[in-house]
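The following pair of complexes shares a single chain, subunit A, combined with subunit B in the former and subunit C in the latter.
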Partner chain A sequence: MPEPVLAAVVPEVIRDNLPFLAAGFAMTLRLAAVGIVGGSLVGLLLGLLRHAEIPVLSRLAALYIEIVRGTPLLVVLFVCYFAIPALAGYRTTAVAAASLGFVLFIAAYLAEDVRSGLRSVPSGLVRAGLATGLTRWQAFRLIVLPQALRRIIPPVFSQYVRLLKFTSVASVIGVRELTGSALLVNAREFQPVAIIATAAVTYLVVCSGLSLVGRLLDARLSIRT
Partner chain B sequence: MSYQFDWSQVWQHRDLILDGLLVTIALSVAALVPTLIVGMLIGTLGASTSRAGRVAAGLYVETMRNVPLLIHMYVWYMALAFLRLPAFLCAVLGLTLYSSAYVAELVRAGIAAVPRGQARAAAASGLRPWQVQVLVVYPQALRIVAPSLASLASQLVKDSSLASVIAVAELSYQAGAIEGQTFRTFEVYITIAVLYIALVLLISFAIDHVPGLRARRPIARIADA
Partner chain C sequence: MSGSPLIVLDRVCKQYGTTPVLRDCSLAVARGEIVVVCGPSGSGKSTLIKTVNGLEPYQSGSVRFDGEEVGARGTDLPRLRARIGMVFQSFELYPHMTALRNVMLAQVHALGRSRAEARERALALLARVGLTERAEAYPADLSGGQQQRVAIARALALDPVAMLFDEPTSALDPEMINEVLDVMTALARDGMTMVVVTHEMGFARKVADRVVFMDEGRIVEDRPAAEFFAAPATERAKTFLSKIIAH
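What follows is the complex of A and B.
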């Protein structure tokens, strides 16, 4: 964008503090990326456990999912930042605690999506696979899992977008992500309208972009029945 | 583990915890009522035959739900501080604008799931347009989305914890205050986590056991035959 246009659109207080805010924005993206990757792995594992009906493990996974889904993210972050380190006797940083909290939190929601995806695959497909000579594991890996994952793209991406928004809560435990940096800049400059509006628009653009990616992926990969 | 448990400190502050719990419930109810009303209106607009109406509803939904709830709260509390709204009202406004976008999407999907023939048959039998909506479309649409609305209500209860950042003295806020005095980190946060889980379980219990709230299959598609 040419300089004059930038000057007309972006308030001065934002341009003055741009490197600081950009660093915060980078931290937001980093937290979201860690949460999405880690949460997806843990969520897939929990969802598989729930689906597999292994006596004790499946019940434990169900209990974990229920507990986390009943707890606000803010409390999950407090537990990861204060309670678990106090109990287990280790030191942590706000960024590490927030990352852990996001992974543990979003995994519980993703696990339920994975489970409903696995359940939605018609059992006839598995039987057909077994009839062609696949082993149970092959039938699961080659038939059930790919179809299940392709079916759950919309709910999974809405969880990803939710996580991206929820990274703002990390500011409460002192992480300098976009919201945290915006609050610090505001404490110095005291121009809340421009600063909060800039943060809001930034989140709006990034979250809309991520949900657009989800819709495009879904349009390409989903299985319409 | 070298951590010494001491639950007596939590018990000593039970009055603060109870206060916080009551504020959490009050805030949730105060936000849930306008959330449902606004969500119904926007959702109906989104399902209407008017193209402009659908575009407007879509814009509202996309804008409101792609901005983090925390930012919604800061908008009312900080950016619009010159309005001098009480913190509780800021939290209600933030929760309402944010959650109503989700309700609107649900209501829109619910209305779309009611067979078209139902509304046509009702109109043909001489009902006025508003009677068609209120007597024929809404009862069926709401039954279809009732389970999702219920989980949205428990989502709202958990989301209300973010009001603590704008100094509404609800459960999470009181937890922080007690923790600051007693340093019984683990005990305090586990206690409020249990209370949130209890609230969420209470909501899902109510949905399962109060007649009329439970989801039922939409009425058979006679009118589409």
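What follows is the complex of A and C.
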């Protein structure tokens, strides 16, 4: 953006604090990226366990999902920041604790999406695969899983968008992500309208972008039946 | 080639809970033979043919395919199934793959063929069922008749020694039934061993060597096709035939 336009659109208080706010924004993106990647892997694993009906493991996965989904995000972050390090005897940072918390939190929701996706694949297709000499594992890997993952693109991306907004909660345990940085700048400058509006618009733009990626992927990969 | 039958069912019984589905079913199918299985719905026809490739377990009796006991613990079912093609009522094409990839999948993963070889074979089979130009189409873009022909190509791609058809035309609009029956008739002419569950009595009359009539889980009649159509031995079969041929 050319300098005059930037000056006209962006309030002075933001321009003055831009490096600090940008660092906060970078932290927001980092937390979201870690949560999305890690949460997807853990969520996939939990969803597979739920689906597989392995005696003890499936029940444990179900219990985990139930507990996390019944716990406020802030409490999950506290647990990761204070309780787990204390019990397990290690030192952590606010950023590491928040990252862990987001992974554990969003994984529980993604696991349910994975499970419903797996259940939505008609069993007749598995029988057809078995009839051609595929093993159960091959039929799952080649027929069930690819369809399940494609079908759940919309709900999974809405979880990703939720997570992106949820990263703001990390400010409560002292992480300087976008919201935390904005609050710090506001404490010094006291221009809440400009500062909070800027943060809000930034979240909106990134969330819209993420939703758009989801819609494009869905349009490209969705299965017509 | 041995003179012993390819498929032998001996007093096969199966029940869901306390409901019997198959009662003492015995049947032998020789190599190259075409057997049509018919009977009212719920008579156990589909269940019967699915015991042949182990898709339906059974409680007692024995099912042998080419000398191998299907229900035995040590049986390598994937390897056995790769030798038996199966076509389903509702096609069951993989919706996330093109017709070509549907026909390639098991060749690559069950038989271990190279992708190039599988592709070549798949294209040849799609040509054989008249769908060369639809190779890159997804199942959702194919008509029912086209989908079923792709499904037949998928089953043939494994070079099976026998084919099982489970009501292959029941889900089709009337104008598409013949395109599927034509493919099946050509297959029969080529000497394929076939067990076909169907209500298409015209097809049975033209192609079948034998007709098996089932009712309430029992094989009630098992006779040469010509004899069966000329004069069914049982009252039950007579009633059934008059009902489905009347219109």
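By definition in this document, the second predicted complex is superposed on the first by the 225 of 225 C-alpha atoms of A that agree within 3 Å, B and C clash if a C-alpha of one lies under 4 Å from a C-alpha of the other, contacts with A are read in each partner's own complex, and residues count from 1 in each chain.
Going forward, a residue touches a chain if its C-beta (ideal position, glycine included) is under 8 Å from a C-beta of that chain, and two chains touch if they have at least 3 such contacts.
Small disclaimer: the values here were computed from a predicted structure and weren't measured.
Participant: May I ask you to decide whether A:Leu18 touches subunit B, subunit C, both, or neither, giving the answer as first, second, both or neither?
Facilitator: In the superposition, A:Leu18 contacts neither subunit B nor subunit C.
Participant: Which partner chains sit in contact with A:Phe166 here, subunit B, subunit C, both or neither? Use first/second/both/neither.
Facilitator: After superposing on A, A:Phe166 lies in contact with subunit B but is clear of subunit C.
Participant: Please tell me which partner, subunit B or subunit C, touches more residues of subunit A.
Facilitator: B
Participant: When the two structures are overlaid on chain A, which partner does A:Leu41 contact: first (subunit B), second (subunit C), both, or neither?
Facilitator: Neither subunit B nor subunit C is touched by A:Leu41.
Participant: In the superposed view, which residues of subunit A touch subunit B and also subunit C?
Facilitator: The answer is that subunit A has no such residue.
Participant: Could you pull out which subunit C residues touch subunit A in their complex?
Facilitator: These residues of subunit C touch subunit A: 53, 55, 77-86, 88, 90, 92-96, 105-106, 109-111, 138, 140-141, 151, 154-155, 158.
Participant: Taking the complex as given, what residues does subunit A use to touch subunit C?
Facilitator: Touch residues, subunit A against subunit C: 122, 124-125, 127-135, 138, 142-143, 146-147, 150, 223-225.
Participant: Can you check the complex and tell me which residues of subunit B touch subunit A?
Facilitator: So the residues of subunit B in touch with subunit A come to 1-3, 62-63, 66-71, 74-75, 78-81, 154, 158-162, 164-165, 172, 175-176, 179, 185-186, 189-190, 192-193, 196-197, 200-201.
Participant: Could you list, by residue number, the parts of subunit A that touch subunit B in their complex?
Facilitator: Listed in rising order, the residues of subunit A that touch subunit B are 66-67, 69-75, 78-79, 82-83, 86-89, 161, 165-169, 171-172, 179, 183, 186, 192-193, 195-197, 199-200, 203-204, 207-208, 211.
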